[in-house]
Every structure is written in structure tokens, then in C-alpha cells.
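Residue numbering begins at 1 within each chain, and the chains themselves are lettered A, B, C, D and E in the order written.
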Amino acid sequence: MSSRLLKTPMVPFPSRAIIPARDLDKPPILEVSRLGIDFGGLAAVDDFSIIIGRTEIAGLIGPNGAGKTTVFNLLTKVYQPSSGAILLDGKDTSGMNTVQINKAGIARTFQNIRLFSSLTVEDNVRIGLHNHLNSNVFFDIFRLPGYWKSERQAHQMTLELLSIFGMEHMIHYKAGSLPYGAQRRLEIVRALATKPKLLLLDEPAAGMNPSETEELMRNIIEIRDALGIAILLIEHDMKLVMGICEGIAVLNYGRIIAKGTAEEIQTNDEVIEAYLGEKKEA
Amino acid sequence: MLKVDDINVYYGSIHAIKGVSFEVEQGEIVTLIGANGAGKSTILKTVSGLLHPQTGSIHFAGQNIVNVPPHKIVSQGLAQCPEGRRIFLQMTVEENLEMGAYIRLRHEIRGAIADVYERFPRLKERRRQQAGTLSGGEQQMLAMGRALMSKPTLLMLDEPSMGLAPILVTQIFEIIKELNQAGTTILLVEQNAQMALSVAHRGYVLETGRIILTAPAADLLNNDKVRKAYLGG
Amino acid sequence: MGFLSYLISGISLGSIYAIIALGYTMVYGIAKMLNFAHGDVIMVGAYMSFMATAYIGWSPLASVVLAMAVCTLLGIIIERLAYKPLRNATSLAVLITAIGVSYFLQNIALLIWSSNPKSFTSIISLDSLRLFDGQLIISSVTLVTIAACIVIVYGLTMIVRYSKIGKAMRAVSEDKEAAQLMGIDVNQTISVTFAIGSGLAAVAGVLLCSAYPLLMPTVGAMPGIKAFTAAVFGGIGSIPGAMLGGILLGVIEILGKAYISTELSDAIVFSVLIIVLLVRPTGLLGKKISEKV
Amino acid sequence: MKKHRIFCIALTLVMSLAVLAGCGTSTQQSTAIKIGGIGPLTGGAATYGTSVANAAKLAVEEINALGGLQFELNFQDDEHDAEKSVNAYNTLKDWGMQVLCGTVTTTPGIAVSAEAYNDRIFTLTPSASSPKVVEGKDNIFQLCFTDPNQGIASAQYIADAVLGTKIAVIYNNADAYSTGIYEKFASEANDKNFAIVSVTTFTDDTATDFSVQLSEARNADADLVFLPIYYQPASLILTQADAMGYTPKFFGVDGMDGILTMENFNTDLAEGVMLLTPFAPDASDEKTVAFVQKYQERFGEIPNQFAADGYDVVYAIYEASKKAGIKGDMSAADICEKLIKVFTSSDFSVDGLTGENMTWSTSGEVSKAPKGMVIENGVYVGMQ
Amino acid sequence: MKKILKLKKDTRKNLITYGMIILAFLIVRFLSASGNISSAFRGQLVPICVYIVMAVSLNLTVGILGELSLGHAGFMSLGAFTGVIAAIILQGSVSNPLRLAIAMVLGAVIAGIAGLVVGVPALRLRGDYLAIVTLAFGEIIKNIINTLYVGIGENGFRISMVNAESLNLGERGTVIMNGPMGAVGIPKLATFASGFILIMVTLFIVLNLQNSRSGRAIMAVRDNRIAAESVGISVTRYKLMAFIISATLAGAAGALYALNFSTVVARKFDFNTSILILVFVVLGGMGNIRGSIIAATVLTVLPELLRAFNNYRMLLYAVILILVMLVSNNEQLKNMTKKFKGFFKIKRPSDLKGGTARE
């Protein structure tokens, strides 16, 4: 892919070439075209287009303030985009709000951890399971059979989900009292509990030491393999990004300046200039 | 210059800092490195008086500063550039700098501001702008500039590279070196251990509230244990 | 002419609300607390001025100075004893404490000055302004109240924008910890804010009782609540907002009485408030809260 | 968690105290008759309760000094609230109250009188003036005029003396007393020689600015403003009317009494104000002079109508008790029956500060003549 | 037996709460039957029950949902007057306990509807702005009820905003609500037993809600609104749910309250009463149901116990309130009382776990 083309993203949809080969025969999970938003005249994200395959692990990198988290907020409709279209699993998401987006299949974590910190680990996961439990407020208050059934189901699923990170023993701990790394992992578990098709991770390795990060990398791949979902992540830790992301997009000043595989990105002059600052070995 | 002796700090019932001692000599750059939650920021907050140690003593320029309120510690020449920059987003760039020199006299402020502008020309361009509109790198410069306004003899920097793109990180560390060469003693807390150790003279390694290792920075860079745990090597 | 005179009554009443609301807003801006005892500081100010003029025979101006001095001191003492120990507590805990302080002030006033109402002699003894052949009479108290409100708002804005302490207030209001690292004495700054707010409360008390000369231990309670409403109406934390909110509240109250119903005037005032907040969820001049995600 | 424990201990303490308070009472029988009093001593209406409490205390002291029948007074605060009033009532019951002087205000009065009716405790209220207080309760009596009576009397007075033809009314529509008088006054006005041209209201929450109400009265060309309200808002109305140069006649009811003695009030403003009141502190009769002097010496304030009511209540009970031969060791129920009999007997009348020859009907209402007063040179002068 | 011991911590906590209420009820019943209880305390039993329900229901809004409400007494007011109207209309047609039950249910329903009407727009606001709207709502209710005349007579049920006469009730009509005079001649239907039942129902609803899918959703909204939305929880729906349930319970409590006194006025349910209930909640601990119950009881009884201090009564109350707030919220003072407390305290691992959650 020539760098000239990347600089002027005239094509609404980027080449499908960055989708992993195994996903090529299936419709992509996410197609974003020419997404944009401005805050008070300042274009925070502009002309953002991307395609993510069914089981792809994709990365979004770029300097601070480049608009990476804003992209997540647009995808999850925390902000309503001022232009562009987002197709999730082939369905148009315009007019949806955050809640509907989640029900439609996108779950996310947050850069600054947002757990329900006064509640237990179990409750956090169970809240994630909310829309997959068959109970309602009358069952709940009057403790009808529906309540007991859904609680049992919730407990079972919670244990299963927590086992991904081996956190079952923490089930009764308060989420706010967990160590930093465990909080990040719990946030991922909670997001997975909503049974997403696409998982957005905002700096999942922040605050982790290298060995923890390495474990996280393995976990992310395991999750993808076990659940067959796509993952889009924002990360500053290049080792993680380059290590597991099959497709990477680089954002600068709200625009995509490069897209491609890890090797392509690492050798892209513009990326190096804007972001890496110096040439780095993988 | 700064001598921290066997301090213990608690957050409620959590024993955050366990008997930590270290020293910073005049003219040095000393760095504290460690994973998130190791207690690095807690130590800085304790030194600058925002937190109080249960036991132990902290001497700055020969004086015990335990239980001295933070605003008085500043006037003794100890400034801290806090984690996350913490600039006053709704004030202008120049007002932010003025706040940095809150303890100085009016006539001293003008000169100090000129010095900061000289070091950070970008800030001069944006002097009338609201600090909230600055980019991340500019905000970090402003935070450092603001800390310098009190003309500190010891400057404590808490995670100056946090959230910055690699290219800016390099710039920031250049500035740190320059400041040190201009005579300011620096106590640096960093997660980016590689960078921190490359500019520092000496380093302390923290793990869960304890200092587990101390050595000249170059030695730490080559220490296997450190490399494995913090440098990803 | 009726409308004009109602409007002026409204602005006059509103100016008093505005001065009280300024105290709420300043304290809220810096300490993030609703000081529900503020209305009762007003009452203390009014009693002080009353005692000085009626018992000691001081001049009205001197009595205002005394009232301000006492209230300023009172504000500082209340802050030190009741609120400062709760600096790290939840805002609700401070709110309840403030309510405790309010009960305390009312009941201590009851013991000192008894429950018998006293008639307050207006501290302003100038002649009324007569316009349009005496069809429109504007009392001197009204004029002084409105003028005082304007002067106070202007003065406060200048202090907050340009003075050293004003800048410190803004810094503390944004980030207490960072302000401390700048060498700003946060406790002192908060004390000064309380002092200013309470001093203003004294002025408000004297003006309130000059315009409506009835003095009782509960005299500050209702204006206090109305002014709190006004502060939120205008956008709590904003100085011009407090002025705008206060004056609008006064005007709506009087015009609602005049043109809709005297029986339902409170319902009208509060309904307008609700409607405005639904349209502008952070008040008229309040800053939009943008949550960082 | 921690907070819990403190509370648990506190709760146990409170419970046991509350329960223990029940024991130990009613064992001790003194010979003095225990009179309970209830009224607001704190809060916005504190001035009324305090006046009654003070005067009742004075009366009890005087009576006890006479030797003979002895009284013991226990006056409890109700914050002008029905719930607190019933609490106060129950506290007094635990104390062994035999006769109740109270309550001072109407709403609590209705709640308490229902209790006292069930418990058969004789009650004479000094100032709870709604007919609802006594209605259907044979052992509850009023010493003050009822509100409708004041409304009727005011209308009568204004009509008879032709005080005005166009009447404006300003009343407190959040207050039972004020509304009660106004409603009767309005219905009475239908066949009188005057017309009500403007009716405006205020509440305790809006009792500051009266410019609208006064302007409406003036725009309607009212030559008399009827103020069935208490003297505190009335003082504001007079001040503001003066400031706007509006000078109609003002006519008040018994709640207006107190305006002249309000500390620091400029009595010039009240010049020419007319009111119906059973009591005037500067009346020259011996009783009033003595009472006002004693009260002022003792409490440093000039007594108002509420104080006079409280004083009269104690004396009325005293007179009736003497007549009925009541002793301190009788049960409350016995005392109640005896006092009802005396109060409703045709030959029982009391001369008090608030009226000569006060008598009571079986319904519990008092019969006494209201005095029309006009303020001249800062003092009340009989209006004739 | 073993099973009970193995119950989850939450369930055990709830059983203790129920047990505490039942025990208190039985003790009072026993003492009452044996004549060992003062009139003053007996007279307060129903109000105590009412305030407990008010505090628990407000805790649902303030503690569990995390939104400050300064107008809870407004819902109580609606419940009170609705209950009174129902009770008077039904006079003679049904038995007293049934009449009370119907009055409470109707009061609850009307208050619940008001909760919906206020909640839909108000819950879009946050923090202090929501608080002021609830305050405004309470004041509006008070103002309107003060001008409302309701009666039943030969023309049936009538409402007017002019005066009682305009109701045209005829000779044998009854004025139920008489403007500022409020409702008079209310049958005293409330009993301690009914108060006890209402508390149990309230606890049943609130505690069951708290430990369920819906309740967790409500707490999720409190802890982190944005995160709650991100996992597919409709914030408006659950805010509204909590708010309406809270209003409904307050309405039932209001009806019980009104039917305990022969008169009730709108003024009773003003801002100060809302604040009073908020004090119970804050003092008892946010989200802590048992705390609310205890605080409501203690603070309702306290002013009565202070009667011995006469004129200094309310002053002392204020001082106690301030001191309790200082002691329970100030770190240093807390530490000072720690030793004293340690005497009573059994250390539980769960306390330590919760310890790091520090703002």
C-alpha cells in the first residue's frame, strides 16, 4: 500500500487487504466510513474509515490527544457522530444510543477504569450479564421462581467468565479494592459478560508491568479464539500492539495517517515522524 | 539536601509505604521507579506534605518538614509537578504560571515568567489561552513551567511522561536534563524506567511500598532483575 | 405604570436574593458545599445592625460595619469548627452539618433575642424618588439595594478575576491539591471565601430588614432557601449567574403575584425554575458539565 | 459497620430511657393540681407560645401565693406542629397532667383536643381559635373568639360604623386562623353596605413583599383594608403602604394586637389602625395595669393578647376549680367531669383581662364582647 | 441450621434487619401489654414507623440510586391527603383495617404517579440541579394543597380551588380538605401493628430489590453511569424505577401518618421535613438500610427525650447533630474513638477488604 494513498484517504472503504485472510470470506463485523465529529468547530475526529474482520484483533494507535478514545466514544455513541456511518455486523447504527449499541454487540473498557467500585466483583460481572438474564422487577421483588433461576444462571456464568483470568477466588472482593491490574481485567470480564461481537479495549495494559502485559497479550488472543469475536484496542505499549494486532491504524490530529500490518506501520515514515520519534526495532 | 528516613504511610488501614528511606544530594537527578501501585506517587505526596507519615522523618535542607503544611514546604524551595499535570484548566496559561509563583513577591513574578517563556517558547505563544485548550505536551510544559516559577532548589516530577507520545517523552526528558544542568536538583518518579534511568544519576526501585534496590542509574539499567521486571528486556 | 412599579419591586427583592445567592455560590464554587446555614448568618447580621442602632445608638453605617465584622468572624468560626474537620467527608455529610449549624444559629438567636419580633429601622433614611408626577414611587431602600447589588457583583468579579486571593480562589476551586503545591494555603483561602460570603450575608440581612422591617430568629430561613434556588437557577458557582438568578427570581415572584395569582406565587416561581432547568440543565449561566470518558 | 455499633448502643439507650420514663410516674401524688401547657416555644411561631407560657406561669405563681388551691404548671414545646404537639401531650400525660391549658395554635390544637377528648382531660385553650378545636368535644373549651365569630363581628362593625364602602382584604392563605376569619367575613359581606373590591393573599413563605397586594387594593379604590392577620406581617404592610403613599383605613382583628408593643416599631405607621381585640395592654383598668406591670418586670417585654389569654386560662381554671371543689388528688377524669359541669353552668362567669363576664356554651365556645379599638397617638382608644 | 450459617453475607445481613424489626415489635408489644411503656413513647410508635419507612424509601433514592432528593416530603404529602380522602369517603362502608389498607395503597399509587411525573423530566438533571428540582416540587405541592378544597356531599366528590363553600356539598356534606386548614376530623385508623406491617413490606421491597438484577442495575447507575450504559443498562429506566418505588413507599407512609392524627396540614410536609428525613439517611449511612432504621428511630425519639432541657432542647439537638456528623465523618476524631469502638468490634475480613475503596 503506497503511503501517498494513505495520506489522502479518498476511498470511503480502505482496502480489505488488512483483514486477516481467515475473515475474508465472511462479512466484516464493523465497517466505519468517513466518521467525524467536531467539538466547538474543532474537528476531533475527521474522515475516519476502518473495517474490522469477524475475528480480527485490530489496534488503534497514535499520540495523546489524537482522538483515539473519541473514536471509541463515537463507536459506542457516547458522542453522536456529526458525519459518517457505522455499520455493525451489516446493520446501520445511526440513531442508536449507547445502550442499544451494547445490545447490538459492542462492549468496551475505559482508559480510566470505570468499575462499579462499591460493588463486589461478582456484582460487576452480573451487571454485565444484565441483558442476558431473564428476570424483571416483579420477579425480583417478590422472589418468584424467575428470580431464583436467573440468579443461579448469573452465578454460573459469572464464574465461567472470571475463570478466563483466573479471578474466581476474588468473587466477593469489592471491585474498588482490587489491585490495578485486576481492575483492568475485571473490566474486560464485565464487557465480555454482555456477549459482544466486538470488544473495544482502551489501553488495557496501562499500569501493568511487562510480565503482566505479556500475560494480557496471551489472554486477549485466548478470548478471541474461544469466543470468536473481534477486538479493537487502543494501546501505547508498542510491544503489545505490534505483538498481537493483525491490523493497525494510526491516528494523528483526528485523522488516520496510516493503516496496515505491524511491519508496514513500523516502517512508515509519517508514523515515525509523528509518533515513534525514532526508528525502533520490533 | 533531601533526606527521607524510615517513613511509614497509611491510607486508612492500608499500609502504603513501609519504612522507606532515601536521599537526594544537591545537583543530582534521582529517580524512583516501580510498577503502578508501588507507592511512588505516595512518597512524593508525603514529601510535599499532602500526606503525613505515621512514623519517620523527612529533612529538607536540614529542617524536618514532617507536619509542615504543603504550602509552607513550597516556600522552602521544594516544588512538585504533580502526576497528571493538574494544571488549572479554566485559567489562562499566564495565570497558571502566576499561581506557580504564588509565594513570590509581585516584582519577582515578571522575571520568573520571562525565564519560563524563554525555556518554553510555545507557552509564550499561548499565554492568553485557557490552559484547557492546550495539547497534552503543552500542558506538561506548562505544568513544569509552573513548578519552576517558585524557583525551587529541589524539583519533584511525578510521571512527566505519562500519556505523552514517544516523541514528546524524549523532548520532556531533554528538558529535565537541561534543568538539572542549570542547577536544579531533581527527584523523578517514572513508570518509563528506561527513560528515567537514562537521565538519572541514581535510582531507587520500589515494590509494594518498599525500596528493594538502590544503585547508580547505569547499574540499574543493566541489572537483570530490573530489566526483566520494568524494562521489558 | 403598574407594571413598571412591580418590575422595580421585583428587582429590589431580587437584588436581595442575589446578594444572598452570591454567598451560596462563592462557597459552593470553592468548597463544593451547600452552606445551608447561610440564611441564618443573614439573620445574625440583621440583629447586629439592629442592636447597634436601637440599643447603642450607633449610626446606620457604623452598624452595617459592625454587622459585617461580626458575620465575617462568625463565618470563619463556623467554617473552622464545623466544616473544616469535614474537608474529606462526602458533600452530603457537610450538608447535614450545615443544617445542624442552621438549627443551632436559629435556636441560639431565640435564646438571646427571644422569639418576639422586632421592628427594624431602615438604615436608609433618604427620601423616596418620585417619578411621573408621583405615580411611580421608588423608595430609597430599593435604590440602595439595587445599587448595592451592582457594586457587590462588580467588586466580586474584579476580586476574583484580578486579585491575588481571587486567583487563589479560582485555583483552589479547580484543584485543591495542585493549589497546595503552588504554595496556596487552601484552608486560608476557604476561610477568606467564607468570610467574604458571610460579610455579604450581613449586608443582605441589613438590606432585607431595611426593605421588610421585621426581625425574628427565623427571618433568614426562607430568603435563604429562595436565594439558594436563585443560585442554582443562575448556575451555581457563577457570580454573574447568582445575580441574574436572584433578580429573575424576585421579578418572577412579584410579577407572578401581580398578574397570575397571589395564592400560587410560590408554585409559579418554582415551576419556572423547573422549566428553566429542564431547558438549561446547569442553570442560566452555569458551565456545561462535560464528563470526560 | 462502625457507625452501626454506635447507633445500636444509642438505640438501646434511647429505648430503655423511653420505656423507663413510663415507670416511676403516676406513683407520686402531690396535692397541687397538675396543669399542662402546650404551645410553640421554638420555631417561627415561638412568640405566641412563649407569651402564653410566661403569662400562665405568672398566673400560677400568683394563685399559689394566695395559699389555698395549689397549681403546678408544666409547659411543653410543640413547634407549632400537630405531631410534636401530640408528643408534648403524651409527655404531659406521663407527668400526670390533670388539666390542659392548650394548645396555643390551631392545627396542633385540633390534633391534641381529639386526644384529650378520648382521655377525658379537661382542656381550655387560650388561643386555638378554629371551631374545629372544640367541635363535638364536650370537654374542650376555648377562651378566645372563634375565627368565624371574628369574621362576623368585623363585618358587623365595619357596616355599622360605616367605616368604608370599598373593602380590600389581604390575608394569609396558608394560615387556618387568617383564612377562617376571611371566609366568614366574605360571606357575611354579601348583605352589608360595603363591597369587597380586592382580595389578595400571601403565605408565611412570601410574607415579605406586599407591594402587589397593596397596589391591587389601591387600584381597586379600596378605602378600607381589612387585615385578618397577625401583627408581624401587618407591620410590614403598614410600612410598605406608607412608603407607597397609600393611606386607606386599616382594620385588623385580635391578631393585630401586639403591633404597638413590637420592639422598635414606629407607632406613627399604625396611627388610625382599627382593630377588634379583647385585650389592650395600655388599658387603664386595674387588672390590666397590674398584669402588664408584673409581666414586664418578670419577662422584660410588654405582654400581648396571647399572654393575656394564657393568664386568663389559668384564672378561669382556678375559679372553676374552686367552684367545683377540685383537689389535687382527684383523677383527671373526675376533674374533667366536674369542670365541664361548672363551665357550662349558667351561673359561672369569669372576669379576665380579655373580657368581663366570660361564659361558655356547651359547645365549648366562649361568649365575651369584642372591643373595638383604634390607635390614636400610639395608644389604643375605645372605638365608639 | 447449617444452611443458615452458610448463607451469603447479604442474606444474613437482611435476616438480621428483619429480625431486629420483629424483635423490636414484639418487645414493644409485650411492654405495652404489661403497661410498662410511657404514653409519650406509645404516642410516638406510629410516627417512628412512618419515619423509618420514609428514611428507608429515601435511602433507595439517595443511597442506592445516588441522587439527592430534597422533596421526599412532597410524596408523603400526596400520600397523606389521598389517604385521608380515601378513608373519609369509605367511612362506614368497610372495616377499619381494610379502610386503612386501601387508604395506604391509594396514597402509594398517587405518590407513585407523581414520582413518575416528576421523575421523567427531573432525572435528566444531575446532582444539585436534580436536588433543587425535587425541592421545588415539594414546595409546589405544598402551595397547591394549601389552596385546595375537597369535599364529599350530595353532589358527590367535589374539588375546588376557591373556598369550601364553592364545593356546594349541601347540608350533610363533609369538607375533607379545607385549604390551609388542611384535613380535619380524620379517623384515627393507624396502629402500631399497621406501622410494623408497612415497615416489613418496605423492607421486603427494598431489600429484595437491592439484591437482584434490577437493584444491581440501579447501583450500577449510581457507581458509574457511563459504564452502566456501556454494558447495556438503560439509565433512565432504572433511575425512574428507583425513584417511583421510593415515592410510592413515601406515599404509603404519608397515608399512615395522616391517619394517626386527627388533623394534617400541607405545611407539615415542607422542605424541613424532607431535610429531616435526609438527615436520617445520611446519619444512618448511605445505602445502609439498617442504619436508616436506627437513625430514624433515634432521631425521632431524641427531641422528646431532650424535653427535660426545656428552652435548650432544640439547641442541644442541633449540637448533637453537628457533633455526630463530625465524629462519624472526621478521620482524626474517628481515630480517637477507635479504641473505644474496638472494645465492641469483632474484626471481620470483609471490613478490611472494603478498606482500600478510598475516594
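By definition in this document, a residue touches a chain if its C-beta (ideal position, glycine included) is under 8 Å from a C-beta of that chain, and two chains touch if they have at least 3 such contacts.
On a predicted model such as this, the values are computed, not experimentally measured, just so you know.
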_Let me check something: if the centre of a chain is the mean of its CA atoms, which chain is farthest from chain B?_
D
_Highest-count interface - the chain pair sharing the most C-beta contacts_ = D-E
*At what distance in angstrom does the C-alpha mean of chain E lie from that of chain C?*
31
*Can you check how far apart chain A and chain D are, centre to centre, with Cα atoms defining each centre and the answer in Å?*
73
_Numbers and ranges of chain C residues touching at least 2 other chains_ = 107, 110, 263, 266, 293
_Where in chain B do residues touch two or more of the other chains?_
none
*What residues in chain A touch two or more of the other chains?*
78, 110
*Can you check the complex and tell me which residues of chain D touch chain E?*
1-11, 14-15, 17-19, 21-23, 25, 41-42, 76-77, 79, 81-84, 86-91, 93-94, 106-107, 110-111, 114, 130, 132, 172-176, 178-180, 183, 186-187, 203-205
*Touching chain E in the complex: which residues of chain A?*
76, 78, 97-99, 102-103, 107-108, 110, 114-119, 123, 126-128, 130-131, 133, 135-137, 139-143, 147, 150-151, 154, 172-174, 176-177, 190-191, 193-194
*What does chain E use to touch chain D in their complex?*
24, 31, 36-44, 47, 139, 143, 146-147, 163-165, 179-182, 184-185, 188, 257, 261-268, 284-285, 288, 290-291, 294-295, 297-298, 301-305, 307, 311, 313-314, 328, 334, 341, 344-345, 348, 351
_Residue numbers on chain C that touch chain E, as the complex places them_ = 28, 34, 82, 85-86, 88-90, 92-93, 95-97, 99-101, 103-104, 107-108, 110-111, 225, 228-229, 232-233, 236, 263-264, 266-267, 270-271, 273-274, 277-278, 281-283, 289, 291, 293
*Quick one: which bits of chain A touch chain B in the complex? Just the residue numbers, please.*
62-65, 179-181, 206-211, 213, 236, 239, 274-278
